[in-house]
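Take a look at the structures listed below.
One chain, chain A, links the two complexes that follow: it is found with chain B in the first and with chain C in the second.
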Partner chain A sequence: MFKNYFKIAIAVLKRRKFFTFISLFGISFTLTILMVSTAFMDKVLSPDYPDYKRERSLYITGIEIRNSKEGWMNSSNLSMYFLNHYVSTLKNVQKMGISSSAKPSNAYVNNKKLVIEYKYTNADYWNVLEYKFLEGKPFSQKEIDNAELIAVISKQTKEAYFGDEKSVVGKYISADNINYRVIGVVENVSKTLQNLSGDMYLPYTIAKENHNNTDVMGSYNAVLLAKSTADVPKMKMEFDQMMKKVPIPKDFDKIYCNADPFFTTVTRRLGGNSTDGAVTKVVSLVTGFVLLFLLLPTINLVNINITRIMERSSEIGVRKAFGASSKTLVYQFIVENMILTLLGGFIGLILSLLIIYLINGANLVSNMHLSMNFTVLFYSLLACLFFGLISGVYPAWRMSKLNVVKALKA
Partner chain B sequence: MFKHLFKLIWNKRKQNFLFLSEILISFLVTFAVFSYLTYYYQNYSRPLGFDYNRVWSITYDNGQLPKNQDSLSTFYDNLNKSLKAMPQIEATAFSSNNYPYSDSFMSTGLTQNGKKFNYVSNFIVGADYQKVWQVKLLEGRWFLPEDVVTKDKGVIINETLKDQMFGKGKATGKFIGDFDDKNKLKVIGVVQDIKSNGDFSPIGNSIFIRLDTGYLKWTGTLLLKVRETADATFESKLYKFMATSTHGAVEIKHVDEMRDSRNEVTIIPMVIFIIIASFLIINVALGLFGVLWYNINKRKGEIGLRRAIGASGNLVSYQLVLESIILATISLIVGCFFAVQFPLLNVYNVPSSVYLIAMLLSVLFIYLLVFACSLYPGKQAAAIHPAIALHEE
Partner chain C sequence: MIRLQNIEKVYRTDTVETLAINGINLDIAKGEFLSIMGPSGCGKSTLLNIMGLLDEPSKGLIKIDDTDISKFSDQQLAKFRNQKLGFIFQSYHLINDLQVLDNVELPLLYRTSSAKERKMLASEALEKVGLSNRLKHFPTQLSGGQRQRVAIARAIVGNPQIILADEPTGNLDSAMGNEIMDILINLNKNEGTTIVMVTHDESMAHKTHRLVRLFDGSQVQ
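Up next, the complex of A and B:
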């Protein structure tokens, strides 16, 4: 049965090459765009180097204080004091990785300027996040306590600063007029991971800042790691309890700080604020936008499909006259349309691979490497089937309504 | 003639419904694209208002500088002198960190005759700021050293703000109130608008305030106009000098490179948007072409009959093209109803002229598209031989 439908579908596709071209062009182009955007979303949302433990982690990226009467608002990253004094006391936090937001600085090598984004981190940062060390090792608590001038650099920095030297551990890199001893080289991190990417990582004790400051605002972010996935809700609750006890700075009456799962950090940044994680808002907006985008190619495909069905009215008339039910015909047509869509999807896949190759080659976002993995393929297949279904149902319904006598007469 | 065509369209309303909705949605898509493009084109065509060539910005960490105000002043004076002594440097100015292309925004509120102006870009600038950026003065003068001691705080405003506050008249010498109208500021000059956020950014209201000693401890940005002799060797020397003087992190950036990356932020999404939109349009055009072609093939009998009773080929193709145009008009009327809501409700705070131009362009575009797509099928219909067509029947 299915084999027959397939044969018919191929025969129909061969009959009117121009229409086949229009349909395939529309389908493959639409699906290409969907696939490339899925690959991009997958890159941003699914666990990625070096942040593989997202299921077990909560992220703190900022704190906000408000004076609700006057309408003042002040927000920034967190201070080391806040993280060490309050957050580290939580029982459910197994480890806490702390890093400052990346700051750019210059270095000059052979009269060429190099922009180095550096971050200050604590020792557990290297345990929470799984950086891949190409050589050397991370710094430990002891080296942090001694405030040693040491640095872990990224592969990109190594290549730009030292050229093609084989091993650079033990060598010195000069930034901001200070010579740091390189103790490790790590694989590059994609710029899409805003809070983790950097070119040079330094012990936080050598940061030029006042370490006795008891302000809650500063320049650090933290990743909280729970013992297991099941402990994450407990950790979040404990954090929220703790926030109630944090003293509110003078002149202000409200303080907000959130420990979010990874997905919420993204939606909060896109459409939320300190009190609203905006998960539903962002998800519904994105879905709405995708559906709107699909509308035009769908209507176009429906139009073409109807035209093609009317062309086949004699065939349908004959089948109906010999007793085929409307249901069988609808079913047949939807299957045919699915075959067409999957064919378009295949072409789309090839086009997406090409586009992804081009995007990676152009290095649009620094160190971002898009790829076609099984998740992306799965979602793309889902998109194909959905597209095929919605563009096939209406024409099939129109066809099943066709009057036998009229159809045969034409 | 028209009555007859309407009757034909009405008889096939079910088939035409999809055709209509397709044109309607294509219209809305083109309207969105043209609004977007018109908006950016209007911004792009305005003059830039300053010169970004050979301007460098130095951002430095001010945490290690003297805390005492007097010693800080002395420190900055000495720094300024040493920099000006370098032969490669033409002019220097300290600034708040929202200098052009820095992607940072600082705003304040102003009052004038009880009317409040919010979100006025607030540039806090050193004395030689005008020399660094070559900003054009339209009236009045730039800050002078003696402004420090005068009673009223002197400010410079841009042309757009002046037009909103004082209309066509002169602004120099007049007073405006600060955000809560408690202090008065004296306008000492008006400068030409500057597009400080990239070539495609809109022009807003801005005010320039002289950087005084009280603000020095917040400053972290130094702007330089360098001579052509300034090369990479000089840059690394300058960098060493700044890092030793400030004992902190220093970054030197070339403003022309910052401009490119600022513009890229607008251009890349624009290019992606145009590519997607044009593929959608090609898609629709092919679809329309296919549907029209098929419809005409199906109406061979009717067309043959018309030819047989004396209609010329041209008349037949004229009828078919006109039919499609009428169909497009129906969709466009509905589409314009939706589109006109944007300027009426003032969505997104974009000038109405953008929406009106975009509407006009997209109406023209859709007509052209439908006309082009129906031309060939119409021609084909005209070529139908009555004898053959009627023979089939």
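Up next, the complex of A and C:
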């Protein structure tokens, strides 16, 4: 039976090549965009180098103070004082990795300017995050306390600054006219990890700012690591209770700061604010957008399928006359449509691999390497089946309702 | 074998009501070869479609093989057609995308039979109509007579008790028409299949056991 359906499906595809082209183009193009977007989302949302402990982590990326009466507000990253004075005292925080947002500095290699983005970090940053050291080691608490002019650089910076040199530990790198001794080289981090990627990492104690200033606002972000996944909610609750005790700066009446799971940091950035993580909102919006995006080619397919069915009314009449029930015909047509969509899905997969290869090759986002993994494949297959079912069911139902006599006369 | 009691068929549009079949009573015995004649539009094909359970009468009772099919569901009707009835159409209605063998296998797809068994039965049916050398051809590669023979093979492959033929020789020249008629006569004689045939051709009709004439939806002979 299935073989017969397959034969018919292939024959129908061959029959009206233009329709087939339109159908396959619609399916493969839509799926390609979905697959590439899914690969991108997977890259952004799944634990990725060097941030492998997301299940145990909460992220603090900003603080906001408001004057609700006057209607003005101030928001920024956090100060080292805030993190050390308040957050580090929390019992459920096993370790806290602190880093500043990346800032550009200028270096010169053979009279050519090289922009090096540097970040200040604390010692635990290297314990919370799992950077891969290609040579050397991270800086210790002692080196931080001594405010030594040392640096951990990325592989990309090493290649750009030192060229083909094999080992650069112990050598000096000059940025903004300050010489830093290189003590380690780490694998590059994708730019999609905004708070973690940088070209050069320096001890925070050599930053020019005054760390004794009691302002809550500054230029740092933090990753809080709990002992276990089960401790994360406790850590969050403890953080929220702590926030109630943080004194509100003069001229303001409200203060907001959130320790979020990784996913919430993304949704808060995309559609929320300091009081709303916007998880439901963003997820619903994305789902709605994907459905709408799928709906257009689906309607197109439904139309093409209906036209094709009308061409096959004689076949439908004959099948009914010789014993096919409406249910059997619906099943046949859905199977045929599935074959078409899976074929489109296969073409879409090849196109996606090609586009991902081109995106990776062009290095559109620095150090971002997209890949087609099982998660992406799974969702793509799901999208194909969804496509096949939705665009097949209505035409199949209409076909099965055709009156045999009319179908045979058509 | 087939009993029609007071069958009426009315086609309704918003403004007009057309009586296509008007109170027909007909008993067709098992193994009988009956032909239906009449001018165009007199209701011959409508009557055949009603007998073949392809169309519902507006009024009246149909019994096939002593079974009242008036309350059958779509699923039951499909099964009944599949097991008891075979159809031959004037314009063959073969599926051009499928090879001859696959076309003939079609009724067996809706039964529980293995692919091997289907192939064997379809080959046998094609042999009966003298087309065993055309199994892998597509319908468009055959002549009109050959196509009608494929359609006959498809109608008999499931070994139905009744064959309903709607002008089976209508699109063929007289030589080919006679060939098709001989196949149907042999089928009736040798296998005991009940055949009801709609025709315009007096000479073909006279080769059958009984002739029914219709005029304006009513039986006149």
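Note that the second predicted complex is superposed on the first by the 408 of 410 C-alpha atoms of A that agree within 3 Å, B and C clash if a C-alpha of one lies under 4 Å from a C-alpha of the other, contacts with A are read in each partner's own complex, and residues count from 1 in each chain.
We adopt the following convention: contacts are C-beta pairs under 8 Å (C-beta built on N, C-alpha and C of every residue); 3 or more make two chains touch, one makes a residue touch a chain.
Predicted, not measured: the structure shown is a model, and the values here were computed from it.
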| item | value |
| --- | --- |
| Superposition on chain A - do chain B and chain C clash or fit | fit |
| Contact breadth on chain A, by residue count: chain C or chain B | B |
| Chain B versus chain C as contact partner of A:V283, first or second or both or neither | neither |
| Touching partner for A:E311 - first (chain B), second (chain C), both, neither | first |
| First, second, both or neither for A:A324, with chain B first and chain C second | second |
| Contacts of A:K3 with chain B and chain C, given as first, second, both or neither | second |
| Which superposed partner A:V404 touches (first chain B, second chain C, both, neither) | second |
| Superposed arrangement, angle subtended at the Cα centre of chain A by chain B and chain C, nearest 10 degrees | 90 |
| Which superposed partner A:A11 touches (first chain B, second chain C, both, neither) | second |
| Distance of closest approach, chain C and chain B, by C-alpha atoms in Å | 11 |
| Chain A residues contacted in one complex by chain B, in the other by chain C | none |
| Chain A to chain B touching residues, read off their complex | 18-19, 21-22, 25-26, 29-30, 33, 103-106, 108, 111-113, 115, 176-177, 208-209, 295-297, 299-304, 306-307, 310-311, 364 |
| Footprint of chain C on chain A - complex, ascending | 1, 3-4, 7-8, 11-12, 15, 314-315, 317-328, 403-405, 408 |
| Chain C - residues contacting chain A, complex | 49, 52, 54-55, 74-75, 77-79, 81-83, 85-87, 89, 93-95, 97-98, 102, 105-107, 109-111, 115, 154, 158 |
| Contact footprint of chain A on chain B as seen in their complex | 15, 18-19, 21-22, 25-26, 29, 61, 63-64, 231-233, 235-236, 239-240, 243-244, 247-252, 268, 276, 279-280, 282-284, 286-287, 290-291, 294-295, 298 |
